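Structures are listed in the sections that come next.
In what follows, chain A forms one complex with chain B and a second complex with chain C.
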Partner chain A sequence: MILSVASGKGGTGKTLVATSLALSLEQGTVQLLDCDVEEPNAHILLRPQIDSSRPVTVPVPAVDKEKCTYCGLCSEACAYNAIAVAGRTVLVFRELCHGCGACSHVCPAGAVSEEPRQVGVVESGRAGGVRFVGGRLNVSEAMAGPLIRAVKKLADPKATVILDAPPGTSCPVVETIRGSDFCVLVTEPTPFGLSDLTIAVEVARELNVPCSVVINRDGPGDEGVERYCAQEGIPVLMRIPFDRRIAEAYCRGETLAAAMPSWQQAFRELFDRVRGLAAVGSVS
Partner chain B sequence: MKEIVVLSGKGGTGKTTVLASFAALAENSVLCDCDVDAPNLHLLLAPRAEEVHEFYGLQVAHIDSEACNECGACVDACRFEAIQDFQVDPLACEGCGLCARVCPLDAISMHDVLAGHWYVSRTRFGPLVHARLRAAQENSGKLVMAVRKRARELAQQTDAIFILSDGPPGIGCPAISSLSNASLALIVSEPSLSGIHDLERVLAVCRHFGVTALVCINKFDLSEENSRRIEDHCGDVGVEVVGRIPFDPDVTLAIVQGLPVVETSDGAASREIRALWEAIATCTVP
Partner chain C sequence: MKIAVSATAPHLDAALDPRLGRCQYFLIIDTESMEFEAIENPAIMAPGGAGIQAAQLIAEKGAEAVITGNCGPNAFQVLSSAGIPVLVGASGSVREAIESYKRGELQPTPQASTGPGVGMRGGMGGGMGGGRGGMGGGRRR
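What follows is the complex of A and B.
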């Protein structure tokens, strides 16, 4: 079972839900994958012991000046403007390169080869009974996709896999949610939360992943999110009230499951409902 | 003309609340929403669209099943695992076109995809350039560049003093596109351990791109201890902390009313944001 926890809007409580859920389920069967590689936070709450760390690389072109005829075909072939030929110079803009291999394919002189370029690291370890995998994009790198793919490659098909998604609704989120059995969307009951939730629901539907909603900081705000979920037939599986004690515990880097253990039962019930909904495959 | 972009690293720290209030307080500014994935600024500024533009991102491959003999050359060539059962998954395709080049039967063609729209709108606080990337589309960085370019043109035409940009969370492609060559970045942080971790990374990105950063701590009173840690880190890396906004329920009430908090409240958060704007508007950027 692969369950992604996403939101659209940032700061709604994805990591809070993902980590507390992981700690509330039967220990030894759960794996948490932090796919927010730009600003990973799950390790701050779980404090895993990291026992392996390996670099993630993408292939980028390396041009052999001896062989290059400066014909410019590589530049024409590149969809990302990552390689340019000016006179007798070839410029490679490595941070724009998606590593597709088109330039080396089209080079008639065999002058373009590929070399690995590190864009980040993937770390894995263990926090008590939860196995942890997390990616970390190097500062100033633009593309999260290759790193998210590297994190997801370490998913254990036999485990309950919880993916902590990045905020937003574009490529990094798609890369995370794709292939999940279910997606829990965490939102807050404000017009901001609603606006971003509607886009996140569209993403889940595009990917054919059934989804449900968790409302965080319930209380202050308005009825828009509840109304929208009722209209769309999207189940609201949990409401976490606005409570300054929860906010303060989060500030200290504590999970809800650890700071207020009575919540563990609620997270187990959340998971049971998710499993039921995923089994029906109810594309909400 | 000063182009000020609000970033945070971590999402949900209060970027849009701060930026919308700046919009209400600033004289003669052009407003810009660089969060094209999950935009929120329009919800506080009641824009009326005056221009609508289509945005095309990367192309997507299409396999003509009549012409395809399933040789598998495209599947082998694709680095993005975007071709399954001789069909292209448009959400996985990154538009490189290598499959079309390797196909011996010319059965694969590349197509433009409408990835979103961008708008120039009128608001009571000045023109707003904003966008909406369609769900699950790529290339938000390129759309951010389109939005910023138009905002700069408008600022030049109207002799604006400020461009005020609401940025996306994160530190990857859309955040870098929002930041590069801006005059000043204001980082809205929060006093959680996650917030501190993310602040350190976004400040490192500002340094890398040579953009001066200032920091404000939102909801600083949720953890005075962590707020001091933020101040210590900023002191260590030579970044000024220019604001400390207290937790204030009026902020959520303003969002529900669809207005900048400085217009709805004279409470503690509102007063601190006013003081913050004074500091930002008058600061000199190297």
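What follows is the complex of A and C.
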């Protein structure tokens, strides 16, 4: 079972939900993958013992000037404008390259080969009964997708896998949610929360991943999120109140499940409902 | 001499578009006759590397110089490699820009005049596939 925790709007409580859920389920069967490789933070709460770290690379073109005929086919083939032919020069913009290999594939002169460029690392370890995997993108690097794929490759098919997604609804989020059995969308009862939630729901539907909602900081705000969920038939699985004690624990780097253990039962019930909804494949 | 100018519309009295990679049109102008070819910029909606694509197009069209408002580092690198000088800081209409070039008021820039991705709508930073935390590109907290 792969469950991704996403949000749309940032700062709604994805990591709070993902880590507390991981700690509330049967220990030894759970794996948490931090897919927010641009700003990973699940490790701050889980404090895993990291026992392996390996580099992740993207293949980028290397052009043999002896063989190159400056025909420009590589540049035409590149969807990302990462390779340009200008006069008798071929310019490779490595930071724009997605590593698709089209340039070397189309080169009639066999002048384009590929060389690895490191974009980040994947770390794995253990935090008590939770197995942890996290990606860390190099500073100034924009190519999160390949690193997220490398993190997801370490998902154990026999485990309950929880993916802590990045915020937003762009490529890194799509890369994270894709292939999940279920997606929990954490939002807050504000117009911002609702606006980004509706986009996130559209992303999940496009990817054919059934989704439900968790409302965090419930209490203040407005009725917009509840009304939207009712209208769209999206179950609201949990409401986490706007409570100073929760905020204080989180600021100390404590998970909700550890700081207020009575929440563990609620997270187990949340998971049971998710399992039921995923089983019927109810694309909400 | 053939000069490429970034423009907001396909005629000589259009305002010069200060962005190079994401301008609306390129006018390739013969400075002797003032005859020109207007090309819709195919790079305007590119998710990234718009300046690179635009610069290659300018080189393919045989322009011998470029007049624009600002030029980023990637486009500048492509144009320099093709031996095409870039004249930045121009404003007003396309016709006025050509006239000030003829009077020698515009000089080739020795380096890019802005950072990468500045011509993106909504500012820089959103170029690689949308923003974090929803609309607007910034991570919302």
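By definition in this document, the second predicted complex is superposed on the first by the 284 of 284 C-alpha atoms of A that agree within 3 Å, B and C clash if a C-alpha of one lies under 4 Å from a C-alpha of the other, contacts with A are read in each partner's own complex, and residues count from 1 in each chain.
Everything that follows uses one rule, which is that a contact is a pair of C-beta atoms (placed from the backbone, for glycine too) under 8 Å apart; a residue touches a chain by one contact, two chains touch by 3 or more.
Because the structure is predicted, anything quoted here is derived from the model rather than measured.
Comparing chain B with chain C, more residues of chain A are touched by B.
With both structures placed on the common chain, the touch criterion links A:T169 to chain B and to chain C.
Of the two partner chains, chain B is the only one that A:L207 touches; chain C does not reach it.
Shared-chain residue A:P261: touches no atom of chain B or chain C. Look at A:T89: by the touch rule set out above, it reaches chain C but stays clear of chain B. Looking at the shared chain after the overlay, A:F192 reaches both chain B and chain C. Contacts of A:G8 after superposition: both chain B and chain C are touched. In the superposition on chain A, no contact is made by A:G110 with either chain B or chain C.
Looking at the shared chain after the overlay, A:G276 reaches neither chain B nor chain C.
When both complexes are overlaid on chain A, the residue A:I44 reaches chain B alone and has no touch with chain C.
When the two complexes are superposed on chain A, the residues of chain A that touch both chain B and chain C are 8-11, 38-39, 80, 142-143, 166-172, 192, 195-196, 199.
If you check the complex, the residues on chain A that touch chain B are 8-12, 15, 38-39, 41, 44-45, 59, 77, 79-80, 98-102, 105-106, 137, 139-144, 166-174, 178, 188, 190-192, 195-196, 199-200, 202-203, 206-207, 220-222, 244, 247-248, 250-253. The residues of chain B lying in touch with chain A in their complex are 8-13, 16, 37-40, 43, 58-59, 77, 79-80, 91-92, 94-98, 101-102, 133, 135-141, 168-176, 190-195, 197-198, 201-202, 204-205, 208-209, 219, 222-223, 226, 247, 249, 252-253, 255-256, 258.
Within the complex formed with chain A, the chain C residues making contact are 43, 46-50, 52-53, 55-56, 59, 74, 77-79, 81-83, 127-135, 139-141.
Chain A contributes residues 8-11, 38-39, 75, 80-82, 84-87, 89, 91, 93, 96, 142-143, 166-172, 192, 195-196, 199 to its touches with chain C in the complex.
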